[in-house]
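One structure, pasted below without further comment.
By written order: A, B and C. Residues from 1 in each chain.
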Amino acid sequence: MTGRYLLGRVAGLGIVVVVVSILAFALMHAVPGGPFDETQMPLPPAAKANILHKYALDKPLWVQYVNYVGHALRGDFGIPYQSPTETVLGLIARVWPVTLLLGGIVVAISFTCGLGLGILAAVRHNTWLDTLLTALASLGMTVPNFIIAIWLILILSVRLHWLPTGGWGQARLLIMPVIAYSLQPLAIVARYTRVAVLEVLSSDYVRTARAKGLSPARVVARHVLRNACIPIVTLLGPMIPDLFTGSIFIEFTFRIPGLGKFFVSSIFERDYPMIMATILLVAVLWSLTYLLSDLLYVVIDPRVRVGARGR
Amino acid sequence: MPAAGDAAALPRARPGAPGRRGLWTDAWRRFARNPVRIGAAATALLIVALSLLAPLIAPARYDVVNIAEPLAPPSPRHWLGTDAIGRDVLSRLLYGGRTSLEVALTVVGLGVVVGVPLGTLAGFAGGWVDYVIMRLVEVSTALPGLLLAMLVISVLGSGVGNVILALALAAWIEPCRLMRAQTLALRDREFVEAAWAQGATTGHLIGRHILPNALGPLIVVVTLNIPRMIFSEASLSFLGLGINDPLPSWGKMVSESVSYLEVSPMLGIAPTLMIAVAVLSLTLVGDGLRDALDPSKDQGL
Amino acid sequence: MVARRYALLALVVILGVALGGHALGATMNAVGKPLPEDAAPPDQQVITGLTQPATTLDFFVGVYKRPQNIDGNSWSDILSTPLVRLDKNFDLVPGAAKSWDVSKDGMTWTFHLDRSQVWSDGTPVTADDFVSTFRLGADPKYAWDFAWFFGAIKGWDDAVKGTIPVNQIGVQRGADQYTLVVTTKTPAPYLPGMMLYSPPLNARALAKSGPFYNNDPKTSVSSGPYVLQEWTKDQRIVLVANPKYVGVKPYIQKVVLKFADLKTEFQAYVANEVDVAGNFSPADLQVIQFSPALKTQYHQGFGDFRTHYLGFDTMNPPFNNLKVRQAFSHSIDREGLIKGVIKQQGIAAYGFLMPGFPGSHQDDLKSIQSYDPAMAKQLLAEAGFPGGKGFPKLELWLRNERALGQAVGNAIAAMLSQNLGIQVDVSNRETKLFMDTLNSHKLQFYMVSYGMDYLDPSNMLGIWISGGRHAWKNDQFDQLTTTASSLIGDPQKRTAMFHDAEKVLVSDVGLIPIYFATPGFMWKPYLKGDALTADKIGVVAWHWPGWDGLSTLHESVYVTKDVSKFPRQ
């Protein structure tokens, strides 16, 4: 892991951002429709021309792109059509912390419980407990979170009157969204952990360690986790930025003023500045995540040589 | 001289009995020993069979509408009741399986077929090959599937094939990264060096040493992505970007059932259970496969 | 004896003070409006509702971006007063304009403004506010999204095109600053109805803070019944009664709007978190039906007189063939749809104008597109597709429909398959993809709806004039509708012409009307008021457009003491 390698990765981030920005720009303009509404009657050509001119959408695409890049490099990512009284950066700065908070709690819960349950299932492999946990995890993976959300509201709010149906600002308003949002990641983490741990559990050096008299817990801690970590990091790493960018279903259903809804609403509203901003955000987040997981590989297992030429 | 810590690799390098056929019959015997696994395999096969045979065994076609009998509860005529316009839920469930399984299995299969070689290549070759492939992965991750789907549908129209196209564009990423990680982890181990020194080909190395190690997580990726694809297809169809009505799919049935949750819970329970059972049986089968192909994994601690 | 007399006197005084004080000192709310006997205390005169995400409260800033929910329940335009308002009988009543008159040629309207109106910054409301607001709407630089609407005003279209300056459009100050003169291109008897959409913006605030001055309490200025107290982005809007308002002050002194996805509106209503609800899913409706308490709170209204219909691309095969369209029109069992699927959410439509809408004469049209599968099959055979053979596979496009719309679309597709032997798929398209294809006249077969903008047949029928959003052209219809729209002096002839036009539309199968929406709305039993009692035909409704500056709903509704029976979370 050399400095040169890291430099190359940072340059890679830049390349990805540029490529993604070009593709995203082309893609969003290729989709029919625009930021204007024609729900009742079609806009007369003159009115439509006025709107396109106002948003500078009547210039050739490459000119628009160059303008966008020029502004972006100076930190100006435009004004969201959905919220014209603030800037794109201002909007993101306002709503992302909400999503981060919810996402952070969900990550903490799903990863700790998931890891624990996964290890438990692996250690009790081929027993009824393992099968039960696997079944529960399958259920958790397949029931979509909006269904869980609606059931929670029906039971806890409407029938029992224990909690309000939604909103943001009090701790108790987090209970239902967190439950609905973390079941699926928890199940996924448990599944991957179990399988990764299993891969390593019965390998010879673990058996050797047991034969040497080490307790199961120490074997798990010292050998199993370390070697099982690589696939875990690979597959679970991306879940974190995923949870940190939010779920539109959860935020919509529980009236949470977060970033999640903007990933979808921007596309439906053809809110071009927000579409670009959200896509670029995702690109940067994921590239950083992949970089971090590559670095983690080396930390976990120093024999791994990322970036070196192989065969 | 392989170090003690790498002894893990050695048993796998030796088949359990002389000849390849021996490995598989041994595997089958190990698999068959576990009744839960057999049950799961049977269930999975049953679901697939039921879906394939839907036109023959379904009580009615999936599009037979009867607006005089909407939202009927389960009855002898309609074992699972009817939906909002009187269509038989059981029939739609059976036909829905075809669509869902077709889309999900194709997309996931494509993802594996494309992603596994790419990931192995990236991990094995390293250097700029790895660099380029990983940048490709990052670009693909950033582009939103929703936008891509909208473009596909506005240019090519709706339909099963186009849904598969829209979904497959991102399905190769996870298998690719997984294989890359596994390859990276094992590529420079001494036992691989040793085999290499003994004249083993790259193919042999991959097939014998790297792939089996990745099989477990790969199977989990596959069994996880199947329900994910089912619901991605459902959300695309929900937004008019996927499969047209009246063709049912399990995911669509679940999405549509949300409006009727309180009064006709069966509309949602039936397809959700089907998906869960399908996933569970595939999961257990997958686990069993992985266990069976490696004899040293029979015991826990 | 003296003591007893004093005691009696004291008793009389006490009683007198109590009774008299009760009569004199009736509780008043925060803006000095005396509350009725059974009203809850002033601090409980609050109404809470849910709304879709909105960018503005003002019509002239962004029509589609206001808190204006589906089914026409709106919470917008409450910070100024339009020239006229709608009451619960859908009659126009004076708003900012105390009276108006029209010239003999029918093209010049003079509105006499209420001189006592003031903005919350103390300045008077004058004709200049209206003039600058309309100029803003026509300004090409401003690029208003509803710029197609006021084409009837003289010079409007040219100003939008940029060929004349905006200060020449037909909205000018009259003899003094309280007189507004509106000039139209051709006689437009419906203009007062159109002027429902005239809530003015404050010229000074516009110049100082831009069109979004009402998004921030610090820059917001109101001449309407409410002022903006709080706007927390993506969370809530809070409005409080305007003490400087000169119209009928509301009893409700606070309005709280929470931004939400309306799917959970009914759940929030049952949990007592909101006082009103619309947007019911089929499951919600079923729950309401089977709950005696909820059922009494459910009221059906006219909404915005919305017609749901099937449309075609009549310029290209196969729908350029009248017999094909006629075959389709006889294949739809509307009554069955209402009974089985739509239920209380709609009534069968055989014409384009809903019963209750001016100019509607559905009974005369019922036989033209009657349900007759045998005739349908025969017509299709005559058109060259016996038994549906050779007919291309169709894709019925829906415009981002919710559960009911999808159910109706699928049921219609099944009816067509069953009755005509044609294969019909259903595709529920995203709104903009749908509208883009529809407006470019490339959409072959679709289901869509239109709700009225103002109460005159020229509005509803006018959308069928060729060159609009539909790929249908009929010269006779164009001529009848255009002439009738500008006809003055003979209301009977005008109505008859509209009748004829609608008959042409239905006979030529420019559309297949399916149902008129009768949206349901719920409000808590502790909300009372004259607006919530039966209108002149006996309908009790949260009448369109809702708790909005354009309606008079807010003038009479108040919260009774029963609110204590509905505890909040």
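Definition applied: contacts are C-beta pairs under 8 Å (C-beta built on N, C-alpha and C of every residue); 3 or more make two chains touch, one makes a residue touch a chain.
If you're wondering where the values come from, they're calculated on a predicted model, not measured in any experiment.
Asker: Please state which pair of chains has more C-beta contact pairs than any other pair.
Answerer: Looking across every pairing, the one with the most contacts is A-B.
Asker: Using mean Cα positions, find the chain sitting nearest the overall protein centre.
Answerer: Smallest offset from the overall C-alpha mean is found for A.
Asker: Taking each chain's centre as the mean of its CA atoms, how far is chain B from chain C in angstrom?
Answerer: For chain B versus chain C, the centre distance works out to 48 Å.
Asker: Taking each chain's centre as the mean position of its Cα atoms, how many Å separate chain A from chain C?
Answerer: Chain centres of chain A and chain C, defined by C-alpha means, are spaced 40 Å apart.
Asker: Express in whole angstrom the distance between the two chain centres, defined as the mean CA positions of chain A and chain B.
Answerer: 21
Asker: Identify all positions of chain A at which a residue touches two or more other chains, and write them in rising order.
Answerer: 31-32, 150, 154
Asker: For chain B, give me the residues that contact two or more of the other chains.
Answerer: Answer for chain B, listing residues that touch two or more other chains: 150, 154, 258, 261-262.
Asker: Tell me, which residues of chain C touch at least two other chains?
Answerer: In chain C, 263, 430, 433 touch at least two other chains.
Asker: Across the complex, what residues on chain A touch chain C?
Answerer: 31-34, 36-44, 46-47, 50-51, 53-54, 82-86, 94-95, 150, 153-154, 157-158, 161, 163-168, 252-253, 255, 257, 265, 268, 270
Asker: Mind listing the chain A positions that touch chain B in their complex?
Answerer: Going by the criterion above, the answer is residues 8, 12, 15-16, 19-20, 23-24, 27-28, 30-32, 122-127, 130-131, 134-135, 138-139, 141-144, 146-147, 150-151, 154, 188, 191-192, 195-196, 198-199, 201-205, 208, 210, 216, 219-220, 230-231, 233-235, 238, 263-264, 267, 275, 278-280, 282-283, 286-287, 290, 293, 297, 301, 303-311.
Asker: Taking the touch rule as given, give the residues of chain B at its contact with chain A in the complex, in rising order.
Answerer: Residues 4-5, 7-8, 10-11, 34, 36, 123-127, 130-131, 134-135, 137-139, 141-144, 146-148, 150-151, 154, 174, 177-178, 180-182, 184-185, 187-189, 196, 202, 213-214, 216-217, 219-221, 223-224, 227, 231, 254, 258, 261-262, 268, 272, 275-276, 279-280, 283-284, 287, 290, 296-301.
Asker: In the complex of these two chains, what residues of chain C are touching chain B?
Answerer: 263, 281-284, 286-287, 333, 336-337, 339-341, 395, 397-398, 400, 402-403, 406-407, 409-411, 413-415, 417-418, 425-430, 433-434
Asker: Where on chain B is chain C touching in the complex?
Answerer: That would be residues 63-65, 67-71, 84-86, 150, 153-154, 158, 238-241, 244-247, 256, 258-264 of chain B.
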